[in-house]
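Each of the two complexes below includes chain A, the first together with chain B, the second together with chain C.
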Partner chain A sequence: MSTGAAEMLQDTGGTITDGAGTSPAAIAARSPIQLFWRRLRHDKVALTAAIFIVVLIFIAIFAGPLISLTGQRPPNEQSTKYLDSFGSASGPSSANWFGTDALGRSVFSRVLVGAQVSLKVAFISTAVILVIGVTLGMVAGYYRGWIDTLLARTMDVILAFPVLLLALGLGAACSFGNGCIQINYDRVGQVVFALGVVGALATVGWRGLRPPPEGVAPPKRKELALAALPWLVLIVPGILLWLVIKKTTGALISPGLPVVIFIIALAGVPYMARIIRGQVLSLREKEFVEAAMSLGASDSRIIFRHILPNLVAPIIVYTTLIIPTNILFEAALSFLGVGVQPPTASWGSMIADAIEIFDTAWWYMTFPGIALLLTVLAFNLVGDGLQDALNPRTGR
Partner chain B sequence: MIPFIIRRLIWMVALLLIISFLTFVIFYTLPSADPALLRAGKQPTPELVATIRQQLGLDKPFYVQYVKYLDRLVFHFDFGYSYQNNVSVKSQIFDRLPATGALALGGMLVWLLVGIPIGILAALKHGRWPDKLAMGAALVAISAPVYWLGLVSLYLFSDELGKFPLFKGQGAYPSSGNIFTNPGAVIPALILPCLVLAASFAAVYARFMRGNLIEVMSEDYVRTARAKGLRERRVVLRHGVRSAITPIVTILGLDLGILLGGAILTESVFNIPGVGRLAFDSIQKSDLPTVQGTVLMGAFFIILLNLVVDVIYAFLDPRVRY
Partner chain C sequence: MSARQPLIEVRDLVKHFPLTKGIILQKQVGAVKAVDGISLDINEGETIGLVGESGCGKSTTARLITRLLEPTSGSIVYRGDEIAHKTRRELKPLRRDMQMIFQDPYSSLNPRKTVGSIIGEPFIIHAIEEDDGKRKRLVQELMEQVGLNPEHYNRFPHEFSGGQRQRIGVARAIALKPKLVVADEPVSALDVSIQAQIINLLGQLQRDLGLTIIFIAHDLSVVRHVCDRVAVMYLGKIVEVAEADDLFDHPRHPYTGALLSAVPVPDPRLAREKQRQVLSGDVPSPTNPPAACRFHTRCPKCQAVCTQDEPMLEPKEGGNVAACHFPLTDPEIAKRVPTAAA
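Right, the complex of A and B next:
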C-alpha cells in the first residue's frame, strides 16, 4: 500500500482517456501518479492557473529587482511630487502605472510587494495546519477512546468561538511592543530536549526489557536504535533552541505576521483534523489494516506505512483548497488592521486604506483587489483540478 | 430524540461557560490597554485611575471578577456594564442585534433564492456551457473578498457616487430605529449590503447543490422513477432536488450561526451599526464586558444553530437517528 493513494486513483477509463483508441491489447500498467498526471494534463484551466501561481511566486520572490527593472519607485517611497494639484492621490500614468495612494506611494510597487505577505502567510499557515491537523486527526481516528473525545471537545470549543473576534483580540493585544506570551526559549529548548531523551530511553527500555512474545526473537541492537529514532524529532529542535538560538527570551506570538499565522492556524486545524479523523476511522476498518495487525505490525508502522499513504489524495486536495481560504483570511485580518505593521504593504491593508478615498481614487482599491481576486481564483482552480484528477468519481 | 436534545443543551451550557472563562483568561493574560486609564480621560491623575479601577472592580483578582461576572450572568441574565460608557452590555447588544439579524437573514434569503436554482440548472446541464458559465462565475464570486466587493459595488451602484445609482449607499442606515420601528429607511439601506454579503455564499451553495444533485440523479431510484414514466420535471423536483437539498440544511445552519454573531467585514464597509461593529470597537477599547457579551452571543448562535441543524436533519432524513 505504499505506492500512493490507489483507492482514490482507479482509472475510470472512458471519462478521461480517449476511449475509442484503447483496445484491450493496448492496456498497460500505470502507476497512480501517471494516472493522476494523465488526467491533470487535459485540464487546461487548472494548468493555466498553476502557471499563474508559479509566476506569482517568482514575482513575490523577486519583487524588489522587478520594481527597479520596470523603473517604478520602491514600495515605501512617499512623494508629494506625484500627487495631483489638489494634493490627493493621482491616477495611473507612465510614472506610476497603477497610480499612487494618498501619500504618493506607487500602487504598482505596493501590489507587487503585497504578494509576498499574502503568499508567505498562506503557505506557512497552511503548512502548520497540515502538520498539526493531520497528526491530531490520525491520532484521534486511530486510537479513538479518550484521546478522540478530548480532541472532539476541544474542537467544539474552537469551532464555537467567534474566530474573527478572537483574531481581533489577539491582534490588538499582541501588536503592543514585543508581542504576547513571553517565553524563555532556552528553557523551552531544554524541556523539549529532555522530553526527547526520556522518550527515546523509554522506548529502548520497553522494547529491550519486555519479555519477547513466544516465537519472536528478542530485538537486535540495531532494531532498538531504530525504534528510538523518531524521538530525534524532539531532540534535534530541542538542542537547536537550547544552544544555537542565543536569544534567551522572546514572545511566542510577536507582532505582525506571526499573530496572523497563529490565528489562521488555530481556526484551520479543527477542520483539517476532522476530515482526516473521518478518513482514518473508515480506513482502520479495512482488510489491509486488519492483515497488517494480524502480522504483528506496530501501531506506528500501520499508521505511517498503511494508513498515511491512503490519506495522500484527500490531504492534497484539502490542502490546496484551504490555501485560498487562508489568503482571504489574511487579507481580511489586514483589512481590519491586524497583521503587517504599517509601512509594509499587504493587499488587505491597501484596500482598507482605499476606503478613505475610494470615491475619487478608483485605482487604489481596484488593483490590490484584482490581485487578491486573481490569486485566490488561481488557487481555487488548481484545487478543483487536483480534486478532479485525484478523485474522478466525484462527478464534479 | 428528547434525551439527545437535553444532552446537547447541557453541553451547550458547559461550552458557553468554557468560552466565557477562556475570554476572561485571554483578556487578563495578554497585554492590552488599561481600561481604567482609557476611561480616565486625557490627563488622568493616579488617584482618579485608582478610583475608576475600584469602581469597575478591576482591583480584585481575576477569579473573583470572573465569579462575580458569572453570578450576575447566570442568576440575573446581566452581562454587566461597558467599561467605557457605563451602558448595560445587554441593552447595547439588543440595540445592535436587529441590524445584524436583518443583514444576515436578508442575505440568506438572497443566497438561497439565487444559489439553489443556479445549482439545479448547472447540474441538469452538467458539462455543457450553462454549467461551465455558472460554475466559472461561482468560483470568481467565492474568490472575491466581501469588503472589496462592497467597495466596488458602492463605487458602481450607490446613489451618492455610483455610476449607476440603483441602491442606497454607505451612510443610508438610519442612526436611530431598527427594522421593526423604521422599516422604510432600513430596508432600502440593507439591499446592497445583503446582495454583496450573499454573493460568495450563493456561489458556495450553487456548487454544493450542483454536486449533490449530480450525484443523486445517478441513483437507482431516479432511474426507477424515470422508468415508470414520470415526467422529467417531477423526477427532478420530487426525487432529485428533494433529496439533494437536505445536506444544504447543515451548512446553512453553520453559516447563519456565524453571521448572526456579527458580519464585521460587511458591517464595516457599509457603516451598519451591527453586533460585529460593536465587538470590533469594544476590542479596540479593551472594553471587557462588551467583548465578553458579544463573544458569548456569537458562540451562543453558533452552538444553538448547530443543535437546530441536527434536530431538523433527523426529521428530514429518516435514516438519521440519535
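Right, the complex of A and C next:
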C-alpha cells in the first residue's frame, strides 16, 4: 500500500484538482436543518402529538374564555345546587360536562385550568433546568480541573438525595406562611447593581489599559463593549429589584408554584449538567476544537461558535423528554399535597381529592387522569420523533 | 543546509504528561514522557519529515512547536523569539505564522459550520477582513487555490469526500499565509490515490507560498518523496536526522534500518535477497523508558555499553546524524535495504 502511494505521486505531477471541481452543481445541497424537517414531516405519530400539544397550549392560555364560551361554571365556584340528592358529587350532565367534585365545582373547568398549571410548571422548570444545567455542564466539561471536580461532586451530592423525600421536606417547609429563605430584595438589588458596574469597569479597564503584546492591535471600542456586556446586563435586574419593584422583603421560595418549580429544577439540573458535561468532554477533544485553538480563537469563541452548535441536538431531545417528566413530577407533588395550593386546580391534587370518593364518583379521577396521560404521552412522542429526526442513526 | 537561517530552533524540548491518582487531592504518581529532550533546527522553506511508530511523540512534538501544548521544559526559538512559555494572549500574533493540518478530515472540520465559515474563520479571529462580501471573495480564492469549487461555499463538511475535506483543512491552514505549516499525518486517513493528490497540493502550495512544512507520517515512501530532511523518533527522542536521500540510502541507526527494512521491495529478485529485520517485542512504555540508549531492549546490535551510556546525536559516515554507539555499516545496510545498495 505504501509503495503504491509513492508511485502514484510520480504520475499525477502537479495537477491539484479532483472530483471537487467537476461535481455537478445540479445536486442540490441540503442543510442539516432541511434534512431534519424532511424526516420530521414523515413521522405522522410525532406530528399528531405535536398538534395535540399546540391545541393543549391554546386551551391552557385561553382556559378562562373557553370556560365561559362553553357555558360551564368558573373552576373555583362551589355550589350545593349541583350536588346530588344525597349531597355528594354528581356525574356528567349538560350543566357539568365532566361532573362535579364533592364541593359542587365543575370538573371540566378545573381540568382546563389544571392544564394551565401543568404547562406553566413544566415549561418554566424545564427552562430553568436548561439554562442552569447547560451552563454548568459546559463550564465543567470545557475547563475541567478543579472547577469540574467541584461541580461534578456537588451534582453527585444532589443526586444522592432521595428526590421525593427532599421534595416533601422542602414543600412542607416552604408551602406555608411566607415561604422560606427570607431575603431583602432592596439589598439584593443594590448588590447586583454594584456588581454589574464594578465588573463592567474592571473588564474595560483590564482589557483597554493593559498594553497589548507586540503585533496585536489594541482592542476596538466594539470589542470592549462586547466584553463588558455580560456585566452591564446585570445592572438591569439590579435596578429593577432596587428601585422599580418596591417590595422590600420576601421569600426566595414562596408558596405555590415557585416551590414546585424550585424542587423540580433542583432535581433536574444535575441530570442535564451531566449529559452536557459528557458531550463537551468528548467534543473538546475533537480536532476541530484544536484547529480553532491553533487559529488563536478565544475560549468564548470556541464554546459558543464551535461547541454549543454541536450540543443543539442533544439539548433539544433531552429538553423535550424532561418536559413530561416534570409534568408528572408536578402532579405527584400536588397529589402528595406539597405542590400547588388549594383552591387552585391541578391535575395531581384533583386525583388526590378523587381518591376518597372514587367508588361513587368515577368521573372525578378519570378526567384529570386522562388529561395527564394524554399530555405526557404527547410530549414523549414528540421527544422521540425529534430524536429520530435529529439523529437518524439511532433507530428504534 | 547551514547557509539557510533556521526558522525554528528547538532545544532540549521535554513534555511529560503527569499521571495522577486520587479524585480531589491529586498526587502525581508518574509521568508519560511523550517527548524527552529533542533538539532540532527547522530551516526556512524546507520540508522536514518526522517519522516513527505510534506513540513515539511525533504528534506531541508538533503540538509543542505550534504551542497547542506547553512544554515541560526546553526552548523553542522562532525567528529569534523564545516562544516555549508564552501565554495564549502573547501567542495570538504567532498563530498567523504557524498553522496545522490535521490527520482526520472528519473530525477536524466542525460539522455544524459551512465550508465558507470554516475557511473564513481565521480572517475573523485575526480581524483581517470583517466585511462579509470581501471575506467571501477571499475564501473563494482560497477554495480555488486548493482545488475546490468556489460555488460550494455554503455546503457543509458532510457533503464532501475525505480528500475534499482535507483540501478544506489545507485552505483553512494557508488562509493567513503562514510561514510554517505542521501537517500531522495529513494523508494517513485517505486512500492511496487521494493521498497523492493532497501531497501534490502541499508541494505546489509550498512552491507558491514559500512554506516551511513539518510533515509527520509513518508512511516512509511518502516521506521520502515529500521531504528534504527526515528526523526519526523513537520513544520521545530523535535517533537519527539526515537529508532524505542519505537517510533512505544509508540509514545509520539500527532503528531506522529496521523501519526501512519493513518497506516492501517491488523487485522480487531483490526482495528474495533481502533479510527483513523484524524488531522483537513491543515499544517499551514511555512512562518508564529504558535507561541509556532507549532502543537497547530491541536492538540487534546491543552491547554492554548501550545499557550504560546514552549515545549522543553525532555525525556518522555519509552525513547522517545519529544517536548510536554502533551505527550500521554499509554491508549491514545492503542486507536490510537492498534497494538502497542497488
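In the analysis below, the second predicted complex is superposed on the first by the 367 of 396 C-alpha atoms of A that agree within 3 Å, B and C clash if a C-alpha of one lies under 4 Å from a C-alpha of the other, contacts with A are read in each partner's own complex, and residues count from 1 in each chain.
Note that in this section a residue touches a chain if its C-beta (ideal position, glycine included) is under 8 Å from a C-beta of that chain, and two chains touch if they have at least 3 such contacts.
All figures in this text were calculated on a predicted structure; none of them were measured in a lab.
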Have a look at where A:K286 lands relative to chain B and chain C in the superposition and call it first, second, both or neither. second
Which of chain B and chain C A:G169 touches, first, second, both or neither: first
Does the superposition put A:W37 against chain B (first), chain C (second), both, or neither? neither
Which partner does A:A160 reach: the first (chain B), the second (chain C), both, or neither? first
Partner chain in contact with A:F58 - chain B first, chain C second, else both or neither: neither
On chain A, the residue positions that both chain B and chain C contact, one per complex: none
Considering only the defined contacts, which chain C positions touch chain A in the complex? 23-24, 66, 68, 89-93, 95-96, 98-100, 102-104, 107-113, 121-122, 125-127, 146-149, 151-152, 154-156, 159-161, 163-164, 167, 169, 172, 187, 192-197, 199-201, 203-204, 219-222, 224-225, 263-264, 266
Taking the complex as given, what residues does chain B use to touch chain A? 11, 15, 18-19, 22, 26-27, 29-32, 126, 139-140, 142-145, 147-148, 151-152, 154-155, 160-161, 211, 214-215, 218, 258, 261-262, 264-265, 268-269, 276, 279-280, 283-284, 286, 291, 294-295, 298-299, 302-303, 306
Can you tell me which positions in chain A touch chain C when the two form their complex? 1-6, 8-9, 11-21, 23, 25, 29, 31-32, 149, 153, 213-217, 286-288, 290-297, 301, 305-306, 309-310, 312
Contact footprint of chain B on chain A as seen in their complex: 156-157, 159-162, 164-166, 168-170, 172-174, 176-177, 180-181, 324, 328, 331-332, 335-336, 348, 351, 354-355, 358-359, 362, 365-366, 369, 372-373, 376-377, 380-381, 384, 394-396
